[in-house]
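After this come two complexes, each holding chain A, first together with chain B and then together with chain C.
What follows is the complex of A and B.
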């Protein structure tokens, strides 16, 4: 059995998977942002245009999509802070794995109250209203 | 067995290439920018998500009047402007890195980055114009106006 090389920061295990997650969430957020600026720009077209397009988002499917997007942003944000600690804090590289568990812990702590609040708003849809 | 003696490193006198700054420092500045903008974006984005999705009636409350109410205040105008620029530059630089990593043919890389930069300029200019030329009480509009607009 060939032995694996000693753990490196970004290859294999937690280090690599967090990198994959960071990259995927970064791209997803970027494409969302392009669309988000476009839909918000409708406020310059007319109040009706904006309100009707935003109204079209107000359904459970989009609500779940928003929840997924927030989950991606919260992961990218906390893991981004972890990357910054690994780069600038002298013990960062040594504790990069523990820091990842910290990121996932904070992610759960942030997402649970957010999901309770957001999903209860989404699924208590007032018919036709906002 | 004799202990091998290891002579002290000969620092000084040798010119390693890596000691000299060669070429432009663009990549280093971009690297630093990713980290600085990241820290600021955590505050801006978490605040944005909290105010728009969790406070008040949450996402149900979002309509023209909601946006108009926020942008009536210079505080939210500056907040959103900063968020737009930092997120777009951070995201564009991140996607640039990813294109450099995976697009191996020169022509592919150039094409993808050209499309990326055009999209970035369009979105940043559009978003900036919208924040600054926004009129919360447009003439002739009747529905969804914020409460502070004079009754028409």
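What follows is the complex of A and C.
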């Protein structure tokens, strides 16, 4: 009795999923940098255009996007240090899993204060809020 | 009478409480990914309901299918005891040797998924074309190269020198590591963990003189630098070789020793 033809996803563990996360955040950061270079270069075209474009970012949706961007950058940065340790520290491969927990711990420690500060600014700036 | 020898342990009658009772049986569904290019260009899943013993391995279940249910099921196995490296396959999504995976250690409530290893062309059912795998293996020159005079006796080595590469001598070339590597799935040119492990075995052997040549080979674009340290290989290795560690050591050797 043959059933659905799709194969299964490989059930990798922490190492594989941290690599997937590193790839995804890397692509996210690349697209941000693309937009960032474009909007910043606008200032050479016309400072007014630059100001209006940057002004367009000041809304809650972009605010949440910024929170996601920082989350991606913080993970990519700490996990990048972990990968360097795995490659060049003698005991890195042995402790790769503990290093990943360290990365996630540092990510939480960095993100919680940032999100409190950032989101309170983003949502208090909503028209009608103040 | 008193001088009479005791029976060998294996012949001593064991009470039922100690062992020797009935081996428990259970029903299990094996969902095998089957492929026969002569019938259909697409692989299909096929379920087999089996009654197996608590001492059985996935390989025993495959044997039962082949011998009692469907003789057309194709898979490789040779020694059936975890030494020859023939029966690496994906069991419940992870690369394992079918002869070293006990059914009772898997969740037998749900169907057990059995698929061929990834990244190598499937020929039929669970049999893949291993040629790309062995091609990489041959390229790293997996044999002793010694430029000195041939000694009249064996080539001596200290226990410490032998221990340096002990872990990577355990490889059985089953391809569980290489076919668990996400880089190898998408980039078939990558040497893969198994070839690097076997290069490591000679690079760090004090009796071998061609370490630099092997490091040069692995310093290639498709060499050790393709490794993204996902640790799938280390987790998949049925011999417990610290594969990612070995790859990291080769990376460091390339950077520090020379090249």
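The definition used in the following text is that the second predicted complex is superposed on the first by the 114 of 130 C-alpha atoms of A that agree within 3 Å, B and C clash if a C-alpha of one lies under 4 Å from a C-alpha of the other, contacts with A are read in each partner's own complex, and residues count from 1 in each chain.
The criterion applied here is as follows: contacts are C-beta pairs under 8 Å (C-beta built on N, C-alpha and C of every residue); 3 or more make two chains touch, one makes a residue touch a chain.
A quick note: this is a predicted structure, and the numbers were derived from the prediction, not measured.
**Student:** Applying the document's definition of touch, where does A:80 land relative to chain B and chain C: first, second, both, or neither?
**Tutor:** Only chain B; A:80 stays clear of chain C.
**Student:** Pick one for A:56: touches chain B only (first), chain C only (second), both, or neither.
**Tutor:** Touch status of A:56: no partner.
**Student:** In the superposed arrangement, does A:109 touch chain B (first), chain C (second), both or neither?
**Tutor:** neither
**Student:** Contacts for A:93 in the overlay, against chain B (first) and chain C (second): which applies, first, second, both or neither?
**Tutor:** second
**Student:** Between chain B (first) and chain C (second), which does A:19 come into contact with in this model arrangement: first, second, both, or neither?
**Tutor:** second
**Student:** Between chain B and chain C, which makes contact with more of the residues in chain A?
**Tutor:** Per-residue touch count on chain A favours B.
**Student:** Counting only touches as set out at the top, which of chain B and chain C does A:37 meet: first, second, both, neither?
**Tutor:** first
**Student:** Following superposition on chain A, which residues of chain A contact chain B and also contact chain C?
**Tutor:** On chain A, the residues that contact chain B in one structure and chain C in the other are 83, 87-88.
**Student:** What residues of chain A sit close enough to touch chain C in their complex?
**Tutor:** Per the stated touch rule, the residues are 1-5, 7-16, 18-19, 83, 86-88, 92-94, 96.
**Student:** Can you list the chain C residues touching chain A in their complex?
**Tutor:** 31, 33-34, 42-47, 90, 92-94, 113, 115, 118, 180, 182, 228-232, 234-235, 242, 244-245, 248, 251-252
**Student:** Per the contact definition, I'd like the list of chain A residues that touch chain B in the complex.
**Tutor:** Residue list for chain A touching chain B: 23, 26-27, 29-30, 33-34, 37-38, 40-41, 43-44, 46-48, 50-51, 54-55, 58, 63, 66, 70, 73, 77, 80-81, 83-84, 87-88, 114, 117-118, 121-122, 125-126, 129-130.
**Student:** What does chain B use to touch chain A in their complex?
**Tutor:** The contact residues of chain B facing chain A are 35, 38-39, 41-42, 45-46, 49, 53-54, 57-65, 67-68, 84, 87-88, 91-92, 94-95, 98, 119, 123, 126-127, 129-130, 133-134, 138, 141, 143-145.
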